[in-house]
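In the part that follows, the structures are each spelled out as structure tokens.
Shared between the two complexes below is chain A, which has chain B as its partner in the first and chain C in the second.
Up next is the complex of A and B:
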């Protein structure tokens, strides 16, 4: 199996067909409730053309080496803060470019979440819910694809570039499954046809003819779904130019930084500009149980460059007001520095960052105590975080669907939108 | 100079230096004087007791000025010159023999006090006065570095100094005039992890490394010799070791190949006294933690010795060039014969079996009579070799 082509990460022809059939079967058991009855709402949102880019720091970046420094304290570490373009707000010296973009972001220093390990944390911070054997929660990307995406799009509505998270579309079904790209934005092999276009067209005609004949005396929707699955892949063929970024990359390399994450962030902007509802760009390596400071010194600067470039680019194109940029990993890191010069997992007090869409720019929300061991003020749970994200994108976080008679809101019950973060 | 006899090493005393990782150590001449620095930028001097003792002697002097971790210390044979390299982007030059300028109260047993206070919350453990000791400032600050200075080396003739930082900048300094003789930069995004000068100061060794930044943008490590006065490259060790591997800025394959040799960066380097060999220590968290002995003339690997599980931190040659001494994350100090690579002594048992934590730095007095290791738990162990 091609390691770049995991089934959960993309929509292959076969997976799409299987998924379409599974969805039909699923309809027997599941009541999709308001989700499928929300066409009017989805249309309203689509008018605003909101979209979301998630910069995913896999492994869990340290809040102490990014946005919540504790200099001079035993938990502080050797890195030092720098001033930003927001008065009173300091961030780590590893992020000089983001220091000049602080007037565009809202830093949440008071995250308190519930899953301390990677699998649970990755699921939690992609869905808002802890892993469950009974419910297949959809990732935020799938929710955005559902509520913000275009119908029958040429491009998939949920794209992942070198990123993590295996919840996928969950109960939303295969139409909202993520489409995975390689780490430098290359399309997976299945996305490009090897056939001569004439032969491909003839083959499609023959298939359509067979399907139409099959559907004439049958009432099931399988034939239609089968056709739609092929159509979506064929529509993708028309958009391949979007993924060919080399020409534009030459112009924007300095803005984003000549790195993997830089390229990913530029492609994310390009995809959102082309109508994709949700793009996730991943950077791995933050699980720094050993050599945390060296690790962050290697990872953060290219990320800083790419992220700052993305915000600058979105701003200059007038896209930031409708594009939410989320910066997070699955966990934070411990205040204590272990004897491997590392920091371990920590979820009692850590940091995420939002920018764009309805997010109030240039603010720092919440506070941790002197050593960063606990939230001192304004704790934000994963539910609050997702509720705020959804609201900033114009999606009702309380929108429910049903598993049997069990209602499942987009953000967990009891979540509160952090209104102070919204403009 | 007496021969070094590794079998005679006897623990002489244990210096308590709590509060932050003890990261660096150097003997000040052949007497019983020693300097050690820590991760907070505190730099202290001790006068060692004549007789072995279980009591920890108090420091006698504080060298003030650094504001962040002290990574490396080097000292002249007469003990009149001490040079320190720091995360605070500076290299400082001290004469620890001058009259002190002031005094300060220093607490070196903060963790013991905290433990005592936990047992007896009503006691005065935390409010007890510290030790009042003399203070002095640096005689000179070498400026120009733009990032953490992790690499530092002095020529054996004690005329030149080399320093390297995490922006990839290498500087060669003339110690008499304190002027910069040369500077050059390595690969973009690389850090200078170790640097040293040949005995006459004419040849510079520089190792570069950077932690992984992503699977295709990982810059290659560099392990090279230069003309110290000009920065002109004279030998690339990796090209000698891996002649068939093409160097590309974005080559993951190349990175994995050189990774076997470089591990997570060559964090310590020293020329042998005769200038024929280089000792290079594999650092970072790595399984092997070997010390490579390289032939300077050919660039070939003579042999790899020692082996600190989880990584080496420091390596030096004995003054007679017969031994290489190394310390690492396995909490041991190992002494190996250069001639055949045989390990002849191991001080400490692996992984906390005897001493508390990583040995971050090692020093041998110029007369080979004293040996010291800095333990990150806030200790400096001193052995008598006589």
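Up next is the complex of A and C:
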């Protein structure tokens, strides 16, 4: 499509758009073009593509009941810390499985962000920007779809599995809109054709004729785009098998844990393996203004299991070096415990976690003070966080998109990449 | 750009009345566009044939394709001035106001207006339609919008500013972009890197709006009931470049100042004036001792405002011609200006005609430039030198109403015992907005999307292919002529043109094979409803 791209770029992009990807589990589930005459080659090319999986903790998980425990302090709460496979890094007892994966992750204990409520926070931590009246900022998933996504893909480049955030593609446009699934891989409305395949094939042939007829004396590019978007629907219909996870789930249930979030995480891995640039998996219920501790006892263990399973699986498949796994919600929770045993919203000092891609594994970055009320060292803003994410994926965070004539950098102007987090 | 260039770009408009001897604007348009072709060595497309022109002008003026009968009558008409007569007829069509109001509603609000309470705004939309139906001059209705008198349940004008409750900076950005074609928002955080704008220019405009607030009474049938109140006191605070901000830094109040002009002369406040932080809710706000907002409205829409006439002349030009003479339309800087003399001519004449948009649209549509074919090798959907007609996607509104018209869905529904109410029936309107509402990449260029086609392929479009008596489907099935002739009617009904021989042959083959002609005809109709030729106005 783009006449300016170099042959080398073209080769790899084309390879990916056609990419047939064999899973280690066995079956080839994508249509496989004959560009290279070798499935192995396409697989290698696909392996070098960066992808991102976001585990989204909607409502805002507590840093005190996960990665930043304040043992024996009035803000600490009743839960106990446990040792991990990284010397000196203790985490909450609710995460025994992640304790054995700490050598793969970088914990940021010094997040300081600017939106304290849910709608603002959800927007902020999906886009890097606070909500604005006049700019429709794109979510990180849309940005990744644009910059990491395969051209002419068989699958959408931005997939959300039961997750939140409604900024979507923003001004980047319909090509980067999220494709929403539930944990079982159930497809969104209108994704599946109910037409008899024979009738559909016939009418498709007639439709191609009509398109050819229009293209005969008009070379206008938008008609080409319209036609290509239709072809992407045809390709998607052929690859719907990838969303049917039952067979593979039977094999991996123990690794991920038999829960919704477990299923979602395995589906995310499966999609990334099939060439999807960005997958977000959501878990809801963290807004624990009341019964914070009981709430986290219910929510964290299944998430711990799923997340640890995902990291193990990605690692074993050799995918972790090119897949960034982000763990965050929209806000942290207050150091003080309210009279309903709850914790409220807090953004002055909280925690996020990164793993994979270029992230330095097995580190804890930044520090909060004795009671977790403030960042003691190395604060990380939302802008710094997004800049670091983009850089770890090989995307220049200063790159600009445009809404009208207005340049919008991927990470807000003035953000700094946290180089210490990158290997 | 320096101030000198800026003043060249926005030369003020002398108030010259148009004399009868002046050639019509349409001639001036064609001369200037031709001169640019010669200079740029561009080869133009031929004139559009009647069918191509017919579909285009219907969609552009009244937002819907013609019916089969209308198309046939126009193509059969042998009179030499039939195009001009058609334009006149469409300008008097009841849908003229409807469609032009749709267009401007999107300019003023977009699909996702700020402030969730302006998402639904039937009162505004009805009011705007009235302005077009009565052909109220553009400067008059813009002044009404900016003065924002009345309540949102009874009046249209307050809706626009209701988007920006206590957000003077956001309102200033939107107003200057929309009505003046200038991009001030860079200067919100820093002096503009390439233009003359300083931060104080931006805050000088925002200061006019600093005292505004949406005073909400209630909701009526889920519609916002509010007025735009203006306090007696309140300033915008300027804290210097964003990069040098420190928490807690207190800003300097900035006084209202006209863009590139004088500071606003304000009368001294009454002696007993108390500071007002907020207007009381649920009570109609009193008028302030002095309205800054009204002064801004008067300055923006003044005859001698150098930006106003050029901005609207350019925006409406772009609506019909695909791109502005300065492109993009909301960034009117010298380097984006391709046809300087032509823009000046359009702006001067439009101003001299008292901002009569109907007159302007008539001139645009009667020009040869507008009537060029969209065929040719140029790939750009909106060619820079207007060497062929632009190709633009149909809006969600145009698509749905044109689909229904083409299939005879409306004709059938009109005869039902309880005809459907409202404009957007037949499918779920929310889906139409979601999948077809903003099919662009942020800079106004079309972008195809998977979800649009999932909807076309697997969604509700097939519902619109009515099969009852009187529908296109049933009419063609009952018709006993050979399929080749019926295919001609199929094409004219949906694509507003006769079928070419190869198309007749192909479709006739398709329709006559197998033993289920009704099913095949449905699919053939679906093909024409969803193909690129229908999706775009070309």
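The rule is simple: the second predicted complex is superposed on the first by the 351 of 423 C-alpha atoms of A that agree within 3 Å, B and C clash if a C-alpha of one lies under 4 Å from a C-alpha of the other, contacts with A are read in each partner's own complex, and residues count from 1 in each chain.
We take it that a residue touches a chain if its C-beta (ideal position, glycine included) is under 8 Å from a C-beta of that chain, and two chains touch if they have at least 3 such contacts.
What you see is a predicted model, and the numbers here were worked out from it, not measured in a lab.
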item	value
Touching partner for A:233 - first (chain B), second (chain C), both, neither	second
Partner chain in contact with A:414 - chain B first, chain C second, else both or neither	second
Chain B versus chain C as contact partner of A:218, first or second or both or neither	second
Most chain A residues touched (candidates chain B, chain C)	C
Which superposed partner A:402 touches (first chain B, second chain C, both, neither)	second
First, second, both or neither for A:78, with chain B first and chain C second	first
Contacts of A:340 with chain B and chain C, given as first, second, both or neither	first
Which superposed partner A:290 touches (first chain B, second chain C, both, neither)	first
First (chain B), second (chain C), both or neither touched by A:302	first
Residues on chain C engaged by chain A in the complex (per definition of touch)	112, 114-115, 163-164, 167, 170, 173-174, 183, 185-186, 189, 242-243, 328, 330-331, 374-381, 391, 393, 435, 438-459, 500, 502-503, 506-507, 510, 519-520, 523-524, 526-528, 530-533, 535-536, 538
Touching residues on chain B, where the partner in the complex is chain A	39, 68-69, 87, 148, 166, 189, 191, 210-217, 264-265, 284-285, 310, 329, 357-358, 376-377
Chain B-touching residues of chain A, taken from the complex the two chains share	78, 80, 183-184, 258-261, 283-285, 290-291, 294-295, 297-299, 301-302, 339-340
In the complex, chain A residues that touch chain C	132-134, 136, 156, 170-175, 177, 179, 189-195, 199, 202-203, 206-207, 209-211, 213-215, 217-223, 225-230, 232-233, 236, 401-406, 413-414
